[in-house]
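Below is one structure. I have some questions about it.
Going by the order they are written in, the chains are A, B and C; count residues from 1 in each one.
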Amino acid sequence: MMFSITAPCPGERPARNDAGQQMATLCHAATTIRTLSGMATDPVLNPHPDRLLPAAEPARSVARRLYRAVRDLPIISPHGHVDPRVLAENIPFTDPTALFLQPDHYVTRLLHAGGVPLDALGVGRGPLPAAQARAAWRLLCANWHLVAGTPVRYWLESELADVFGITRRPTAASADDIYDQITAQLAGAGHRPHALLDRFRIAFLATTDDPADSLAAHAALAVDPAVTTRIVPTFRPDRYLEAGRRDWAEAVDQLGVAAGIDTGSYPGFLAALEQRRQVFRAHGAVSADHSHADAIAVPADDPAGLYRRARAGQITPAEATAFRRHMICEMARMSCDDGLVMTLHPAIHRNHHPGTLAAFGPDSGHDIPTTVEFTRALQPLLARYGTHPGFHLVLFTTDATVYSREIAPLAGFYPSVYAGAPWWFLDNPSAIRSYQQAVTEIAGFSRLSGFIDDTRAFCSIPARHDMARRLDAGHLAELVTAHRLDEDEALDIATGLVTTQPTRVFKIDG
Amino acid sequence: MMFSITAPCPGERPARNDAGQQMATLCHAATTIRTLSGMATDPVLNPHPDRLLPAAEPARSVARRLYRAVRDLPIISPHGHVDPRVLAENIPFTDPTALFLQPDHYVTRLLHAGGVPLDALGVGRGPLPAAQARAAWRLLCANWHLVAGTPVRYWLESELADVFGITRRPTAASADDIYDQITAQLAGAGHRPHALLDRFRIAFLATTDDPADSLAAHAALAVDPAVTTRIVPTFRPDRYLEAGRRDWAEAVDQLGVAAGIDTGSYPGFLAALEQRRQVFRAHGAVSADHSHADAIAVPADDPAGLYRRARAGQITPAEATAFRRHMICEMARMSCDDGLVMTLHPAIHRNHHPGTLAAFGPDSGHDIPTTVEFTRALQPLLARYGTHPGFHLVLFTTDATVYSREIAPLAGFYPSVYAGAPWWFLDNPSAIRSYQQAVTEIAGFSRLSGFIDDTRAFCSIPARHDMARRLDAGHLAELVTAHRLDEDEALDIATGLVTTQPTRVFKIDG
Amino acid sequence: MMFSITAPCPGERPARNDAGQQMATLCHAATTIRTLSGMATDPVLNPHPDRLLPAAEPARSVARRLYRAVRDLPIISPHGHVDPRVLAENIPFTDPTALFLQPDHYVTRLLHAGGVPLDALGVGRGPLPAAQARAAWRLLCANWHLVAGTPVRYWLESELADVFGITRRPTAASADDIYDQITAQLAGAGHRPHALLDRFRIAFLATTDDPADSLAAHAALAVDPAVTTRIVPTFRPDRYLEAGRRDWAEAVDQLGVAAGIDTGSYPGFLAALEQRRQVFRAHGAVSADHSHADAIAVPADDPAGLYRRARAGQITPAEATAFRRHMICEMARMSCDDGLVMTLHPAIHRNHHPGTLAAFGPDSGHDIPTTVEFTRALQPLLARYGTHPGFHLVLFTTDATVYSREIAPLAGFYPSVYAGAPWWFLDNPSAIRSYQQAVTEIAGFSRLSGFIDDTRAFCSIPARHDMARRLDAGHLAELVTAHRLDEDEALDIATGLVTTQPTRVFKIDG
């Protein structure tokens, strides 16, 4: 046996200098050897320090150097779905099911596809009784093979190993032990949200919020001396722009109440939106986020008339669509006026399975991508605002074909357009690599938004950013070893992608 | 010279243990050396034991180990187009043109594109006179460069080398020799269909059959003690669902005769389809296969009225389309009832060139893919049956963009949906690699159907499955060397993909 | 220090034999070492001899051998946008801004996206005053990071190093020095167009010309003994086929004048087009080039009626579209008659930003791709002419999804259809690799058109062809190392792709 290891290796995040990386590699080898030689009786969980980097030399060594330079830099998270109340109140997580499983439809959809009923996983329910939470966790561990090869597996492995020091691969046999280890740690102060914000080195975190929200949690966070992370809201007005929704009139009334402006007429509606954007900005918001069935943005001839018909409950579906497409133009106009970055991620068929929606609510794993079109759809908007100084429009999609055909060419001409990170079903390594190649070869690195984690699973934030940093390092290493970039340039780019780039694109210093 | 080889290496399939693999590698090197040193006067045909595996270490060694574990496992072929009569009657093949060229529009289309007339290749004709068969073979050999880089070339090389021990590269000079060698072997008992079924280790083989077919060949095969392969029919009702076809009324009458049920009315039509599905199941069928212009499945308001108008010859094209889309829902309902797996591969523009269709019939190489959409198209069907216990829906496409955007997300939520193998124009290595990555990273490995060869060329079955096993081994090796899977997991997955997975998805044990 | 280098390495194109390549590699290492050891004070520009080749062995060595075999073969450029008057009059270039920046919207769009105003770059203007030209050049150099990772960067590096011997990386600090070095060289005889045609070893060069053009420049070039490159026009009739354009009637009148045929009626219009094609053929043209909003080709029922309405200014947009789609069929018919190769590259949203169009004219960097469809669109045309002897139809697209789904399958059946090189926003290495794989695995290598540079930037022609040769060598090396091709075959293919293949597809010997 080549290595003489007498103490168990810590399940800690790899240490932060080269010696630490070498130690981590030795630990990895030693753990594996212990396993192979029968010293452990069940499979290990032991994420490799080089995971996701190119496998072969010369690219691996270059990638290692690039990754090492960015691995421990603070996290900037400009878009996600963490609940600000959990952060404001520093509510402890109770158990791994509440932490990893219930809120994360990325995980539960894969188990569901494999035959596990969603109710057994506590989807769409509040806190589970202890026995049910443990039973749900056992289902995840016993079905660990269902996530093999997916980013879900990568995130969970990183979280288990790096955040909780777990060293056993999840199986039916190890489920209870892992559950107990995590639950015990969660009871301590070191794993409450504020402590994790520090430990994860999250410098900036944007949540996603309703325009009528009081932003009380954000107000509390802003003055809490225990929170050093800058946590800000994001303006998400989707439901106010869909005049065909059954709850639209009521929503618009609430918006008026929140803004203190009568939304009975179109000018009042616009004024209320503008007022709430100002309130969001005053609470630190840097962006407004939009997701509709398509990306079409066309000014309407008579928006006030459409609004009137909508208020009267007389708007047709076609008119409601026309009104929404008009309002996307208006939101761009407001972004030019007030400086909020506009993000757009259209073309998801939400709640594809009505039975699951009825039983478990939205965000239960059956939002399915559809094709999308940007070139023609955004032309009227970009004709007006595409070269407006300070306007930033970040485009996302789950239709991978659009990156090389439309997004990169648009971002490669318009100073306002940026290519958002691939995300959702495209957050897997091969799609990220395709995106990196397609966008940067057409538009250069300066047109990228930087990574967006878009997560509802708080503990997965570092794992997701770590994946992005590894994949960036690998991509840049391949450019270096093909002699398309010098290594000093690659180092500048890798660093910029997690520091200056998102700061500039999302106006975080602004 | 490093190797001292005194006997010619056999053109046999590589032997089945490690020593055999090493021997095969030595043989390959020796043959090449003989060629380079002038000992052979024309180019060799010498498929490399590592072909299609990753070229560089460390992935190649891992891939070799994974491939070696699955290389010789029996073949499960759940969908293809071999003629069951040829198998039942154990009809000898006469010559390589009849075996490799005439029935395989993958090959003939490439020669046609290169300027070889289809009639010179015997396309769409029965047995050729000996002189014409030989002339056609010469055309293939003289134009060998036209297939360089394609899977057709890979399959043919494997078949020539592994099944017939050919060691000369096809050229104008070697054509007659190869023709004679193969023809001589075909005359022996060892190359008749029953012998090849054994030699190819085909455990399960599904053919594709008309619902009105008597299934006499299958009945004979089932009781033939010389046939150990389980050979079953597949229910393919396309032409009965297309009420706008000129021959539809006649076809529906024949269906009624076959079922012994009056198809004069819609209820009778449904009953006849259900009855024939039962007969297919009684003959061992496990699936029903569907291919139409699109994937849309929407229940019609008045299907009986549409049927009545169709019977009266009064149905409009739009109504015929509505009826077909309704019937796809009905076929899903029947699959829920009787358990036949439903496979769907829409969106081919069949018989693109009318002149070729008129002269040579269908399946003559000019079926061209078009775009397809699944997310919206299948929503009504999946809303009804997507979580029905035991319903299996396997989706295929030749539009590669759909795998990551739609198929994998659907298969990653619905327990009923599986991602079929890429196929047809997508059966090339780079498309298969894209498919492997896109689908498994989004939906995991458990949502794959396993490989489908879909071939009309009986002798190409092992070569096609061998290609898939090599590409699976390569893909998994890349995940292992990027530390995304442990090798024990990769081994389980590689084995499962050719054993338990197709058995489970296609209910072959059922 | 390992290398003892006493003389500076020349910035010359790598020498042409193996010893030369070794010398080039040594020079590259030595220059880098000088830089790292502080002997140079600013970053070097030093394109690596192996750039763009596969990074890892065994593929790199094979790729080097293949590349070396084709590196110095003459250039065949069947489609591009060099101004024939510049060539005919051998007009000297004045400065690097006029040479590299002003005419090349690939470069200026990236700077514009990065915040550099187009007017500061001299876009859409004639010769700039010296101070402005120098200021524009400084903007490029100071923003060199904006092109990192793009093909623009690759082309510019190759041009600066190979054509002008520049050894400093462009930066704000080096801008003036580089500007002065290039300007000085441009003043000499060795960098005038005729000298560069020789130095670039351009054997064949097609320009793009209006059907009513007098072709005087081409006539002069044909009899100029100082020009050994064969320079020919290309027939580009787009604006005559768009009957809805405001300037259409006037254009058609001019066409009639050029042809000496009355275009007042549809038969006269057809006759004038046919006559001008003959004139182009007499001046050496080998192809006719077409780019419209879609690829649809459908014969109209009453084209003469549509023409009459268009002449009377009464044609509707829908009728104008129908007329254009009809005329695409007619152009195919004329190609069958007169032998001009037909090239088709549809589906670009031209002049996406009206403000930029108004200020800077067309071709100013905001032509954005859209989706395209070929299978159904071209069916009527291919039904008529797809198997016509001698008809050649070369298909291009910027929608990468179409290559595997439609173009390769069409080219893999129809003897007339060839897959054009990926181009425009798809001229980046990863898109070219996807194209190479998708097309050749489906249709073989013989269905490729060979590389098309499509450039307006004369000096970039060798850099673009060099990139294509490197990427071809890399692609073929990967097939060789995966044992899918023997190296002798790969060598034949690599050579053919730059010699016999474009010669045959574009009928250059004809």
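Just so we're on the same page, a residue touches a chain if its C-beta (ideal position, glycine included) is under 8 Å from a C-beta of that chain, and two chains touch if they have at least 3 such contacts.
Being a predicted model, the structure only gives us computed values, none of them experimental.
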item: Subunit A onto subunit B, rotation angle from CA fit, given as a multiple of 5 degrees; value: 120
item: Classification of the subunit A:subunit C interface as same or different, half of numbers criterion; value: different
item: Separation of mean Cα positions, subunit C and subunit A [Å, integer]; value: 40
item: Numbers and ranges of subunit A residues touching at least 2 other chains; value: 56, 401
item: In the complex, subunit B residues that touch subunit A; value: 56-59, 373, 375-376, 379, 382-383, 386-387, 401, 404-406, 408-415, 417, 434, 437-438, 440-447, 478-479, 481-486, 488-489, 492-493
item: Subunit A - residues contacting subunit B, complex; value: 43, 47-48, 50-56, 109-110, 112-115, 145-151, 153-154, 349, 352-356, 365-366, 368-371, 398-401, 425-426, 428-431
